[in-house]
Amino acid sequence: MFDRKQISDELISLIRQIRLVVFDFDGVFTDNTVYVFENGKEAVRCWRGDGLGLRKLEHLAITPIILSTEKNHVVKARAEKLRVHCESGIEDKYARLKEIIEERELRFDQVAYVGNDMNDFECLAAVGFPIIVNDAHPELSLCARYRTKTPGGRGAVREICDLFAQILSKR
Amino acid sequence: MFDRKQISDELISLIRQIRLVVFDFDGVFTDNTVYVFENGKEAVRCWRGDGLGLRKLEHLAITPIILSTEKNHVVKARAEKLRVHCESGIEDKYARLKEIIEERELRFDQVAYVGNDMNDFECLAAVGFPIIVNDAHPELSLCARYRTKTPGGRGAVREICDLFAQILSKR
Amino acid sequence: MFDRKQISDELISLIRQIRLVVFDFDGVFTDNTVYVFENGKEAVRCWRGDGLGLRKLEHLAITPIILSTEKNHVVKARAEKLRVHCESGIEDKYARLKEIIEERELRFDQVAYVGNDMNDFECLAAVGFPIIVNDAHPELSLCARYRTKTPGGRGAVREICDLFAQILSKR
Amino acid sequence: MFDRKQISDELISLIRQIRLVVFDFDGVFTDNTVYVFENGKEAVRCWRGDGLGLRKLEHLAITPIILSTEKNHVVKARAEKLRVHCESGIEDKYARLKEIIEERELRFDQVAYVGNDMNDFECLAAVGFPIIVNDAHPELSLCARYRTKTPGGRGAVREICDLFAQILSKR
């Protein structure tokens, strides 16, 4: 629950325009660690509460998607469980983001992007509502309009969905 | 060990009535994270000390059960090790809770419910002794009679069992 | 490195008598959590630095052993890697501790015991040098002569070995 | 981003000489814990952001390598993903470090070494730029010229790479 007094009118205007939320995966859906096994297989650690949040977004007619440079199948595996469209192994995230926005006939100011590291910089700089997780790389500090209170993989995705739901369920 | 002076008479009365403790699983027996593998398999992180606590509850003739919306088999796997009755994949937890209470010929005020997220709201609101874990979703803050000092998956279940044991072993 | 001024003469005397250090496993070598997989298999999280510590103990002619009630094979698996004698699945730890001490022709005051939960209580109460980990169950607080600064599975075993080494390498 | 005012001229001179950065693995690329499975297999927890950092180092013509006493294959598995040369199962790290430096026709003052525990002591004492992670063993505190702000496995490798990049991208 967000204290309405701490949510500026500017933030409310930003959120009201959004139709698409593009999430980076590692460091956003996860705590940015990776578990490495002897055979090179990987695992990641996610937050059980994210699913409830993503369903809220969809009820508000806002589409969540995942865009990741990581090639490992854990990204797809998590996205399938969460029933969210996912594109992984994307080398140039900004180029692909631009295409996605065009394909969906949206404008950049109708898009929120959630990131945690320097390879999210271009995407964050381009969208209408740039969001970083609480424990994002320090160099990203100045390029976000919202920084989550919770860290990646420990509530950040859910917090963003809750924020959208609180503001939009009242319009 | 709980400081007896901090345990109100009201709490003691509540606890003396309880015959059934219904636990949510994720976020209560776990830290609300899930480990995701490349093949989509999952794992969760639990607290070794919970087993000792659940055995104490049973010695006090109080039945612990687990009720979860999660379908993944990790819930059942942990419940089997802990030797606790478990129902997972339950879409409507309140409806099933109501049935369970009727089947066992109990009243709602003889039941404690332990939860951590919004899908526990209805169950918490209905039972005699609603309990939330220390790191529960902020929107649940006002609907509990007891909030554990320890977080989910890091002692919360054990703390609740210890609380019951301390009060009831003296009656 | 321990500040010599903070190590009492009493502690030094206690440590000089010790020939055997008996470690509980879960909560001492681990952070007291267990990872549960869909097929019921388990994993635990240990500290890489413990191996160096145990080798130091052996160079001081002090034998480390592991005594655990847990039946799961992870206990033995970790003990094998650390090359430490291990007995797991022990229902009555105090009875077995007594036998071990007799078999090795030692006295209780020549033994240190390291524990973290209530099923370690009897063993801690019996030995000459009872030790608990920093994050031990609160009911154990009063029954130890030394409480580690580091938590179980995050340096506690190593800290104990370092303490012995610092004191005994100077005698 | 490092506050330039907090980076001494001495540190800048040290870094300008470096051609090779030798990293210990456990406690540097990981949080110094190991996950142990029932069959004795192991896993470790690494930081997703390290890859971006290592690529930066290489662009500056500085070679990163991993040198570890650990025999388990997880070390090699992680090194392969990060595309970094790795030597594991090395009993005498100092002897091997000396050979590596000779093979590459470098001098000790052109080498940085990153460690976290006592078996890194000799290497740290020998190189031109000794670095320890924030949560290194306390006995190493005095033998480093730089201590990372972030812990091992939670940003330490990346922080070191970022530091090199910030200083060297301006020469």
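Lettered A, B, C and D in written order, each chain numbered from 1.
Rule of thumb we're sticking to: a contact is a pair of C-beta atoms (placed from the backbone, for glycine too) under 8 Å apart; a residue touches a chain by one contact, two chains touch by 3 or more.
Computed from a predicted structure; not experimentally measured.
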item: Co-neighbours of chain D and chain C - touch as defined; value: none
item: Classification of the chain B:chain C interface as same or different, half of numbers criterion; value: different
item: CA centroid of chain A to CA centroid of chain C, Å; value: 44
item: Inter-chain centre distance, chain A versus chain B - centres from mean C-alpha coordinates, in Å; value: 31
item: Junction residues of chain B, two or more chains touched; value: 35, 42-43
item: Pairwise touch network: line, ring, star, complete, or other; value: ring
item: Listing of all chain pairs that touch each other, if any do; value: A-B, A-D, B-C, C-D
item: Residues of chain C defined as touching chain B within the complex; value: 26-27, 30, 32-40, 42-43, 70, 117-119, 137-139
item: Complex contacts: residues of chain C adjacent to chain D; value: 1, 31, 35, 41-49, 52, 72-74, 77-78, 80-81, 153-154
